[in-house]
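Remarks on the structure that follows.
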Amino acid sequence: MPLLEIRNLKVEFATAKGPFKALDGVDYTVEGSEVLAIVGESGSGKSVAMLAVMGLLPDTATITADKMEFEGRDLRTLSTQERRKVIGKDISMIFQEPVASLNPCFTIGYQLNETLKTHTNLSGKGRKARVIELMKSVGLPKPEERVNAFPHQMSGGQCQRVMIAMAIACSPKLLIADEPTTALDVTIQKQILDLLVQLQQDSGMGLIMITHDMGVVAETADRVIVQYKGNKMEEADVLSLFEDPKHAYTRALLSALPENADGDRLPTVSDFASEGGF
Amino acid sequence: MTKTSSVDTAKTTAVEKESRNATKAMLVEFWYYFSQNKGAVLGLALFVLLVSVAIFAPLVAPHHPDMQFRDALLSPPFWEAGGSLTYPLGTDAVGRDILSRLIFGARFSLFIGVVVVTIALVGGIVIGLVAGYVGGAVDTFIMRIMDIILSFPSLLLALVLVAILGPGLMNAMIAIAIVLQPHFVRLTRAAVMAEVNRDYVVAARVAGAGHFRLMFKTILPNCLAPLIVQATLSFSNAILDAAALGFLGMGAQPPTPEWGTMLAEAREFILSAWWVVTFPGVAILVTVLAINLVGDGLRDALDPKLKRS
Amino acid sequence: MFRFLIGRLGLLIPTFFGVTLVAFSFIRLLPGDPLDLLAGERGIDPERKAQLMAQMGFDQPLWHQYFDYLIDIFHGDLGISFASKKPVLTEFLTLFPATVELALCAIILAVCLGIPAGIFAAVKRGSVTDQAIMGTALVGYSMPIFWWGLLLIILFSGILQWTPVSGRIGILYYFPQGTGFMLIDSLMSGQKGAFTSAVSHLVLPSIVLATIPLAVIARQTRSAMLEVLGEDYVRTARAKGLSPFRVVGLHALRNALIPVVTTIGLQVGVLLAGAILTETIFSWPGIGKWLVDSISRRDYFVVQGGLLLIAGIIMLVNLIVDLLYGLINPRIRHN
């Protein structure tokens, strides 16, 4: 049984200018302890699918699927109360803007503690110890002092480490990382990716890496799904995707990497759109 | 020489045409957002109605506002027993037709709003521009003075100013304008300080624009949106404050059919003739509400931050 | 935090001196000189006038008079009321608790109703409830409160006869006013019905005075909540599996309160301005009514003292609000 299995997921947003289809029948399967990368441009619906799993889409979204199961439990029929017991505990998520994702009015210790309080039976003392342990495991220096720091007192990379600590607090079975390095400096990006991969390997959880960066895919993923305008273009393991992209869009995406720049102009996906015919 | 200048003229007219088109497009977009807000459209309709009633008051009103009908003192509105359609909303203690007084009163309220906002806006913009543009000690001095004005409750300061100037409608308007003015100064100054280092201002300065041109032609048009919203808010505040001063006997003096003054005259009949007290207040409330509805609509339509959501 | 406080005080001190200058100039800007005003219609004989002028320091140069005035202020001497012959400060202190009691009840009412209403409207954005709450708030915001008070008197005192028309307590009750707060004093007096009487006198004025702050707070809370609910950290809170109550009531509200606290602080001026009208309508013996009466009696030392004291109170409250703002906003506390 796969960890997460989704069949024919459709998401539609009600907007002022009529309904907008963000996802048009996409399948996802994630096995335990694998790293799945979902790649695509902005607007390809790559975040929407995972926000739908988390139940974080706004009320304007209509979600339909033939199947949507986590560990064999049907997520579609879960009540909001039951879903809250899964979210943040068995499935957790980190986001693109680490500084904005942490509440500016609470210390990071408080915010970490809150997750533990919601999902575990640990005593106050036990939670305190666990918070320090978590901060150590994500490589935050001086955790005993840092627990009382506010998010604005830390750098973007450190905030993302806090987010990761919060996400792994209850030893989740699946971690969804939505563009976790996009807002960070290049040197920090590598450290955060290494941390995620190492945590994934140590704990054996499933990891979904949502990104637009083929470099991130190459560095982390076992398997890749390429998405474009709410549809799946291609699904393959990472080696065959880079060596032998089957779909024209994937080829276009790969050709648009900066190292393929011709002269002083960067190629874009739309340069290849006509020959691919997608 | 002539050739280049004719090319220049052609270019200029093209630029002018484009800028006119851009202005037009902006207005169309503005109207689109404004008309999305049903409350704002309703407010605007009410306001237009009020303005027309005020302008055509002598034609619309059934009687002269000061005419006393001695045989119909405190006559109730027409739907109550003893009321008649001759005086649709009844008469006051000296037999004046309330509806006619309200209709003429609309002239005063709108006049108060226009005058007060004009004084406060012009004064506020000039002082705010100077503070924001000149900066330094001048700025500090001006802003401290504005802080001092804002340290007093507006109505109290207006009362005190009227005590100095003497009661009356004109003095009340001046007092309210002085009290409302710091808000315009603050807004203008903040907007100017945000704009003054922008590239387009620097470009204009480099191109040799003088201080006055920079202040009024380059910077000011880009600070207008918050000022327009504030002007609408001040319009309704002015009407409320003037009515309050009238009510306290410090604004328009009887027998002026100003709504607040009418309320003050009617106070003693509060438990015996409800209509004398009720209708002037309804008139104030509806007018202020209409203007505030328009103000909310303007704010939503002019605020680019809210537009996106 | 300390530097923040010093900075605020640095702004406040020149403003305070400016306020004293305004209060000082007030009497000198009035048409006619103060002693003519004092003497009224009967006039005063010139010799006696010159003597009094010298006695009160009005023959000194202006800067000297202002300096004397400042010294008097720091000795707590704000002049004597013409009408009651009592010191202005003593009169003020006697009447002030009545205004504070009224204003406190009004602001508590406004906060307790306004914040939940704003939260509710923001969470149910665009719904009929939202529109109803915001429509009501706009009506409240546009309300001429002096008329609103009269309307409530017609309804509750006239037609329904539920509440008294004016004053703070029924004439049957007499007890020492230890605290000056009628609710507390009436409770402590132990007289049967005294507390109920005090409450019934307080209800209508509180509602009237609360109307505009209530509307402003509800509108501000809604817009602050709407802004905050779209923030990333609210999504994080939901992604943690927290209950909606905790997400909205703790994570979102804590941030939304920062601008709302400032708004509540700004209502102090609105409350004092409103007290002038409310106290006049309900014959509430507080400083609002006192000032209006003094202006119409031309008791100008009272007006001068009242101006200074009220501005002082507003500045003090604004300072407290600024400090509170620093306390609830960690970003200010540390920078």
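Labels for the chains are A, B and C, by order of writing; each one numbers its residues from 1.
By our rule, a residue touches a chain if its C-beta (ideal position, glycine included) is under 8 Å from a C-beta of that chain, and two chains touch if they have at least 3 such contacts.
What you see is a predicted model, and the numbers here were worked out from it, not measured in a lab.
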Any chain that touches chain C and chain A: none
Reference chain B; chain at largest CA-centroid distance: A
Chain centre separation in whole Å, for chain B relative to chain A (CA means): 52
Centre-to-centre distance between chain C and chain B (centres being mean Cα positions), rounded to whole Å: 25
Contacts with two or more other chains, residues of chain C listed in rising order: none
Footprint of chain C on chain A - complex, ascending: 54-56, 83-89, 92-93, 95, 97, 100-106, 114-115, 118-119, 150, 152-153, 163, 166
Residues of chain C touching chain A in the complex: 231-233, 235-243, 251, 254-255, 258, 328-331, 334
Contacting residues of chain B [partner chain C, same complex]: 39, 144-145, 147-148, 150-156, 159-160, 163-164, 166, 236, 240, 243-244, 247-250, 260, 263, 267, 270-271, 274, 277-278, 280-281, 284-285, 288-289, 292-293, 296, 309
Of all residues in chain C, those that touch chain B in their complex: 11, 14-15, 18-19, 21-22, 26, 29-31, 135, 138-139, 141-144, 146-148, 150-151, 153-154, 157-158, 226, 230, 269-270, 272-274, 276-277, 280, 291-292, 295-296, 300, 303, 306-307, 310-311, 314-315
